[in-house]
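Next up, some structures in structure tokens.
Both complexes below contain subunit A, partnered by subunit B and then by subunit C.
Coming up: the complex of A and B.
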């Protein structure tokens, strides 16, 4: 009888111990997931490609400061120095280069970006929001065909005929390029 | 024979009452005239602002539509667009939409009766402008729906869709140019009338060209 009780108590303890081990493993796993995610994010940004700023070939500008680039993309500067109209072409959501531009130039998320342009339109500060393009090819083709237009594409998507702007004197391949 | 004093008093009182009534009527009429003039001025300023904004919106999208047309024409020649997905990726669909044009000034003037206080030439110019704007919107909507018909996309062949989009954009670009010219005419009429009324046009009405910013290393 005593022996049976001892065995049963031992069995309960074993089950409890196993459960405890499982709970601890579960907790450890749960704690690991955010670290793993953060690592993945860090890896993503490390692997983030440079984004090239491309303008219409007839635009007289070849080099602009990052501050001026921000003013253009924020719609605060709507004309080039030669008074020609700036047409802003922006990739549709989900494109990686859009994420880079929203992060580094606009410093906004998608919702803030949308609200920003609605607000500008509402206050009649701009005639229209950025024009949406759906692929790098479309961006490159349009920027070639629309006078005064400016867009952004991944540096790898730039074609030999594209006019890439230097930002603070740097091209996408240069170290210290601000859109990486 | 002397007239009784009361008769003189009655005559004087009557004249005074009549004059005061006439004066009150004149003041009332003057106030009404002033209110109507203010309403007309306010309305004309609103029209001038709105037309300038609409013109800026048309100008803003006109170059973009012309650029899209160039892409479509090249694609039509090279037959490079074969599916609906390729069409979306090369040309997009939202970009083909016409600009959103305001007509709140016209609606407000109609509702408040401000149009009755404007002269014939101004109302005629405004009516023509907003009629053309309405027609542009209706035509564009119909053209857009016709262009996006599923039957334009056959398996492995989107030539019909590309041609249809090119035709649609040709119409849109032509209409946008017409609208631009109409807006300019309307602005001239409004500017002249506002000048005649001694009203300086608002400087902050609509997106105006900003002065050139210094650009480094050109």
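Coming up: the complex of A and C.
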């Protein structure tokens, strides 16, 4: 009986050792692949400037909480209180306002941000991700013309006709504004 | 009577006219419905398996999974998930999900079709996207073709947000066919026993704990096997998931009760797992080590589960390496014991990927 147990134990050890070798080979394979990541952190070195949240002028909202803003940007809230559909416009990398939004609203890096939206679409929680804009001018023009849209730009890029939302009662120029 | 018919025919004709030509018409300005927007994604994986279990080892092509989203307008959408799974005799094609949903508001979204049953977390968080999940494989309790948990559900759902902003409450309530005569399958072609299954799931994403999701759900059905006993089935489950990666934590538990229709005591089975992972920082941030332990115990004398020997104990430890934004290598050691077998050891190395946009739609999630 003792002999059988010993043999069995040796057998388990052998299999264990073989498995560990396979895992180590897998890890070695991983380490052979260059570290380089294609995607740099968006605007990571840019100085922090206030980011304004701009909505379509016909949107019946002037002040929202930071929690609600986060739900909108995360796609957890897809309709305004009047049941009109929200269209989210997000600046493409690399832009300092995008870095602020990813850091403060999403709390994600670029890879996590991409994976988040791919997962959200795959789970059928949203039909599509944010629409991409490539400049502040494009963001302002689109948000003025697309009903229910919301976007973000540097406060310095806001035009006189833009409808800027207060966040927790604060505008970008106010002390304690959460997006700077 | 003829006028409405003629108007309908004209409308159909106008709708079939390309938009550019319609815009050239100055005297008639028909309002054409927008064309549906189609988006598509692809997931795939290949795994090298070395194990002392009596199962095929070597290189295995996993599932190729296609996901399509069709937006008919800003409220009506179709979601489809289709898989091709390598088998010894060829490829098995499966419609994993096929959902037509109308979004009335954030509070009310109605849909019909084939779903992944909202029991626990994993089944509706990762679906068949191997790249999305940290580990090589799913937990045993909700593996593909699981007999323990009905992973698929054919029916209709109402879902939405509940107006408790700070808690981020969501509900999902559904009625459907329940399990088929083969209990690992949903009743795709109809309810096998005329007794509808129903399920109710509640979850919360508290704004104060950004990244956390907690949930609980209940599922009720009558199970009627093709050549076996019938029983009422009640599944209660709960989960906690923290998906911020530093750390990543998922714990899920399910309790399955069976009461024989022919009479007899109710039996209770339990299944659960805890998974912990951590995304490293700095130059090593592409690496994410992980561990998971899991257990399934079957109630003694369970008329449905006991003959299937579903008891299980297992643990895994592995390392994930995201060498690009859309592909990952995972190496995993697994030690496990199935109810009627001794402990076994295995090593798995998997490459998985996603193609987030196959050229369709107006949006590229690869670069939002």
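Keep in mind that, in the parts below, the second predicted complex is superposed on the first by the 133 of 180 C-alpha atoms of A that agree within 3 Å, B and C clash if a C-alpha of one lies under 4 Å from a C-alpha of the other, contacts with A are read in each partner's own complex, and residues count from 1 in each chain.
The criterion applied here is as follows: contacts are C-beta pairs under 8 Å (C-beta built on N, C-alpha and C of every residue); 3 or more make two chains touch, one makes a residue touch a chain.
These figures come from a predicted structure and were not determined experimentally.
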Subunit B versus subunit C as contact partner of A:169, first or second or both or neither: first
More subunit A residues in contact - subunit B or subunit C: C
Which of subunit B and subunit C A:77 touches, first, second, both or neither: both
Subunit B versus subunit C as contact partner of A:132, first or second or both or neither: both
Touched partner set for A:90, first subunit B, second subunit C, both or neither: second
Subunit B versus subunit C as contact partner of A:122, first or second or both or neither: second
Partner chain(s) touched by A:145 [first = subunit B, second = subunit C, both, neither]: first
Which superposed partner A:112 touches (first subunit B, second subunit C, both, neither): second
Doubly contacted residues of subunit A, that is, touched by subunit B and again by subunit C: 65, 68, 71, 77-79, 83, 85, 92, 124, 127-128, 131-132
Residue ranges of subunit C touching subunit A (in the complex, touch as defined): 37, 39, 41, 43, 48, 50-52, 67, 69, 71, 74-75, 77, 79, 81, 97, 99, 101, 103-106, 124-127, 129, 132, 161, 165-166, 168, 205, 207, 210-211, 244-245, 283, 286-287, 318-319, 321-326, 329, 331-333, 343-347, 349, 354, 356, 361-368
Parts of subunit A lying in touch with subunit B, wherever the complex brings them together: 60-65, 68, 71, 77-83, 85, 87, 92, 124-128, 131-135, 137-138, 141-142, 145-149, 166, 169
Interfacial residue positions of subunit B with respect to subunit A in the complex: 53, 56-57, 59-61, 63-64, 66-68, 70-71, 74, 88-92, 94-95, 99, 205-207, 209-210, 212-218
Touching residues on subunit A, where the partner in the complex is subunit C: 12, 15-16, 18-23, 25-27, 29-30, 33, 35, 37-39, 65, 67-68, 70-71, 76-79, 83, 85, 90, 92-93, 107, 110-115, 117-119, 121-124, 127-132
